[in-house]
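Two complexes follow with chain A in common, the first pairing it with chain B and the second with chain C.
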Partner chain A sequence: MALVSGPGRGGVAELPAEMRLFVDKHVHYIQSLDSRKDELEYWLTEHLRLNGLYWGLTALHLLGHPDALPRQGILDFVCSCLHENGGIGAAPGHDAHMLYTVSGVQILATLDAFADLEARVPGGRQKIAKYIADLQDPETGTFAGDEWGEQDTRFLYGALNALSLMGQLHLVNVDRAVAHIQSCANFDGGYGTSPGAESHSGQIFTCVAALTIAGRLDLVDQDKLGAWLSERQLKNGGLNGRPEKKEDVCYSWWVLSSLAMLNKLHWIDGEKLAAFILQCQDTELGGIADRPGDMVDVFHTVFGIAGLSLLKYPGLVEVDPI
Partner chain B sequence: MAPTFYHDDPKWSNIKPIPQNDTARPLAAIAYTDEYSEAMSYLRAVMAKNEYSHRVLGLTDHIISMNPAHYTIWLYRFKVLSELHADLREEIAWLNVTALKHLKNYQIWHHRQTVIDKLGSPEGEADFIATMLQQDTKNYHVWSYRQFLVQRFGLFDDEGELKWTEGMIEEDVRNNSAWNHRYFLVFGGKGEQTADKAIVERELNYAKAAIKKAPQNQSSWNYLRGVVRRNKLPTSTLKDFALEFADIEKPDDVTSSYALDTLADIYTEYQSKREEAKKALDLLATRYDPVRAHYWNYRKRLLE
Partner chain C sequence: MAAVDEARKNLQYQAYEELNGFFSNCEDHVVEIAILPPAIEPPDGFLMRDGSNVGISKKILALAFVEARQRFFEGLKFGNDQSCFNSSRVILLFDPEHITAANYRKRKLLMVWKKESGRDDERSHEFERLEKRELVFLDTILTSPLHRQSKSPTLWHHRFWLINLSLPLVHMHTDMASYSRFLKAELEAVFKAGEHHPKNYYAWQYARRLIVRAEELIQDAPEYRKVYHEVRWSWTKDMTTWCRKHPSDISGWSFLLFLLSKVDNVSERTTIIREVMCYAINFELKNESLWVFIRTALASGILQEEQHTLLDLLRRHVKAISATMTEAARSESSPVVALRWIESSGYQELESSRDELWFSSTIPELQKTSG
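Let's look at the complex of A and B:
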């Protein structure tokens, strides 16, 4: 199987067998996800449908197969999840929530489809932006996930990400949001879900990315955080999410992208990590698991591939760490 | 367990279920199993007429048991509880059982916070948390929830809370969540305020004792270094202690890479100790933490 899809990087045939990425299998795996509707798993994950679509689509773009899912079908689906108030739900009939609104916007941006959105829903972009902006807590600067008011740095990052993709960052108080992130900085150099919450690689990604969008990386103790992040690598090459925990492929993204934003990607052993991710592939049916031998899923598939992309694995499209 | 259906249940005969409408949405067509599909169509029907009743409470229970991550249902369940002025203690009892079945679910924790906040008392929560942590001592949701309780009910200076945290660390000295909770209790409520000297001393001794038990432990070293930094003590305060585990004159006897790292930091602060600092970093790059050789070499370059 040739990896001919990338933007002109050669040498793939030279890779040893255990370093091979099974691109066609992964493309097929992602395409098959939506045709498995008779399986229990399919409806149990309905609350993730839009996220899943975003992850699958992103993986396909990185693999160099952006057209492997139908553009019109995707747009129909995103619009069918859009509520009158500008929020987006996980699937038709689900309540609007920040996480799915962000995924929806990311999908539209990936497909360069904001004009299509306007054609289908006039004023759609403004509506979505307003929905997101209204979830900011004017006191603390952070964001809620929905009308329940659950707050988490994940939502703050999502808000800034989606608003900047739509060119609507001016609708929120960025300085306040930045101050909130600073209040989540911990004694070990990391960040958690809220002030005082344990440092966690996923939350660190959300905080570092939000600060990058806000242009305030100067507020981060970069050497200290970089050291903490690089400490996530274990002897087997994989990365964990917190000290003294097990490795998991998804941290290939959360940790690596954070290191990339801090320009410290080289502080870990990239070759060892790439080998670890590749061991987690299902080489027959496609997809990537959390660790070797486990069940694959689309979440670990995209984060494994995105990790490999940051590591400049040949043939993959380069991913933006934010 | 046999599936539960509603169409032949007389208690539900006045409801006309609303089935999922997924025509002409190629990517959204969802084929449910019959039980889930029917329950959801009854939920849509009762939500459409804003019914808040005990039978709806039962219906949400049924759907949550099949799919706890469906966030819309939790939202509606809380509305029903409020409208019925239901006994929230009973809700907590129900949540105790439900939480054990769904350890990594976000919604369940937020629901619990909302209910406990309304109840205004953390009574019984410690036992529940103990049960949850037996399943996974590092469950992020559980520890975040514990922080919520500390904040909501002002337990920062509660002696029992600190004792409990100590017990968790004793059980597993590598439990980073427990160390973080300790930091949260001792310093977290204080903001920028200076801490009592005696308390700082107590915390340094506590971390050092834990390190002696397990020298190669990120969590206890992070804590020790964190306490030093927060209270603006010089890193050299830790020099004698670090030397117990790593001495660049005895490169074969290093028992903790974190001690070596600490020594490198201390030597770096002194112009006259540059060579010692480089030696410590070399040992880390080549022998004691080679996976991160690039990082240690970067630190070395900063010295030149």
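Let's look at the complex of A and C:
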């Protein structure tokens, strides 16, 4: 790898350009996302607006720029997505769903804003917690995404995550949720969306994380799962989500944090992965893409940065794997 | 600036009207929608027709969507059902994860279903009609060559939710032949979606959910048990064929393993897995997904007392090919790596074949992991 330092890049980079994270560019990229109110893009991503806000905010925090987005503006937006029943939608007027409710709670937690919520919506926290808790299936222990009943371990994880952030885990039957995750364990050590489903890195993350929150990591077949996860690394250093899938930066988070929770971060080549993530940056306009050369988006930006943080890339706020 | 905005608004409006008109004309038959590459321009600037199939550019679809969402939310505000229903089609075509649009359609369907479900003596006709049209709409989006749409968790769940409404009634009001045709058609839809979007997690998950649900309902309709088992067996054989044609599709192999675990006769399971193994060995296939299937099938216990037969087959093959391989080649060899994985996977080996473990001790790489 040759050392390349372009003109005008003041200061000495300790790392070669290819190994540099363009922090300022990424901050500007994230800030610019909300300003595109008239662009087509804004409407086209409306159905996940709140998720996008969470991803952007988290990325900024990891990059050490927690104030780069306006706090009041964010809180206003979260409250505008809150339904009477405590559920939160992706954007104003959109139906409530676990996925957006969890993002909403995560945003409030990141901004330490539950008091602000109570000031605007008395009893707001309880309402949200109740909405989430009511989505648990009392028989199977898993969670639906909304009143229409789709059950998926993603929602189980989201629920435990949000409730634990709000100190309301006691509202649900954690033991039953744990038993459900156990029933989703596959022979290869992995987990899927429900019992017998195909092992998938994203679902593995949700199941392992949920077990971590419940303090039951002892139930995981850690060696087997660690082995399955370590098979995700490809020759180019990137990680995929399942056998024979392409590498994708977001798996730097789903796979890596799963390994971190199992204390097996060293089962993959961290240096190669870091190099891969950095190659996925748009070094001109900021943002990170799923793989080198593709279009960037905020989803891959946050998970690429989170992956780098887990790999202890210098200058990033450290993500606590637990 | 104002002129540009006006022009865009017009384009949006027209794009929506064209697409909406297209959907309204094909409510009763499945059509294929494709995204046109930028180089192809439809003569009228909007839709390219080829029989009942249609091509649309990303740009026009996006503009139609912007108009559709406007009409949808306005329709919600002013209670304009027709507008909401129509615009939700365009919304979901562009953005299949738009749960608000999908839920709106569910609400409408549920309302009709509730109104008519009080009558047990005959199937409600309006709901049946709407259900058929909804399935046509879903087929159009899920089985068209639309990469993102064919894997949509929102739409696959929407389909399952819809089927689940009427499935319990099927045993009462449907003859066995129709029941069989219906289930087979569902697998065909999953095949198509699986081809347009390889390793289609949610399509195959839908297939699993359908099987599980069908089995729950069979408990209360034992006279359907035979036909259901026939259909499930036919699914298993069709699935084996599909997987052989798509050996890199991990989701397909995973679903086949799921189906095999439900086959009552263990020898039939062995026959199919042996067939796949011979296919892999004879053609020297290296597809990772195929070998993940083989190693899991051999180690997971679904072969029960017949496990050693196929393990022996693999061991003999590995012995034969390893003799002339370098160490490096062995570590890249799919059968060798699979056998290593099996022997370190903690599988339960039966008494009668315990002697065979000597084999793993004769190959250095295997020695490293099996102890």
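Everything that follows uses one rule, which is that the second predicted complex is superposed on the first by the 309 of 322 C-alpha atoms of A that agree within 3 Å, B and C clash if a C-alpha of one lies under 4 Å from a C-alpha of the other, contacts with A are read in each partner's own complex, and residues count from 1 in each chain.
The working rule: a contact is a pair of C-beta atoms (placed from the backbone, for glycine too) under 8 Å apart; a residue touches a chain by one contact, two chains touch by 3 or more.
The shown structure was predicted, so the numbers you read here are calculated from the model rather than taken from an experiment.
Enquirer: Once chain A from each complex is brought into register, does chain C clash with chain B or fit beside it?
Expert: Aligned through their shared chain, the two binders clash on chain A.
Enquirer: Between chain B and chain C, whom does A:D76 touch in the aligned arrangement: first, second, both, or neither?
Expert: In the superposition, A:D76 touches chain B alone.
Enquirer: State whether A:H266 touches chain B only (first), chain C only (second), both chains, or neither.
Expert: First partner only, chain B.
Enquirer: Between chain B and chain C, which makes contact with more of the residues in chain A?
Expert: Result: the larger residue contact count on chain A belongs to B.
Enquirer: Which partner does A:S230 reach: the first (chain B), the second (chain C), both, or neither?
Expert: First partner only, chain B.
Enquirer: Give one of first, second, both or neither to describe whether A:T193 is in contact with chain B, with chain C, with both, or with none.
Expert: A:T193 sits against chain B and chain C alike.
Enquirer: So which bits of chain A does chain B touch that chain C touches too?
Expert: Touching chain B and chain C on chain A: residues 40, 43-44, 46-48, 89-90, 93-95, 97, 146, 148, 150, 187-188, 192-194, 196-200, 242-245.
Enquirer: Going by the contact rule set out above, which residues of chain A touch chain B in the complex?
Expert: 34, 37-38, 40, 42-44, 46-49, 53, 70, 73-74, 76-77, 80, 89-95, 97, 146-148, 150, 186-188, 192-200, 226-227, 230-231, 233-235, 237, 242-245, 264, 266-269, 272
Enquirer: Flag every residue of chain A that touches chain C in the complex, lowest number first.
Expert: 40, 43-44, 46-48, 89-90, 93-95, 97, 146, 148-150, 152, 187-188, 192-194, 196-200, 224, 242-245
Enquirer: Would you mind writing out the residues of chain C in touch with chain A in their complex?
Expert: On the chain C side, the touching residues are 62-63, 65-66, 69, 73, 76, 94-95, 97-100, 103, 106, 153, 157, 160-161, 199, 201, 204-205, 208-209, 212, 248, 250-251, 254-255, 258, 261, 287-289, 292, 296, 299-301, 345-346.
Enquirer: Which of the residues in chain B end up touching chain A in this complex?
Expert: Within the complex, chain B touches chain A at residues 20-22, 24-33, 36, 44, 66-67, 69-72, 75, 106, 110, 114, 138, 140, 143-144, 147, 174-177, 180-181, 183-184, 187-188, 217-219, 222-223, 225-227, 229-230, 291-295, 298.
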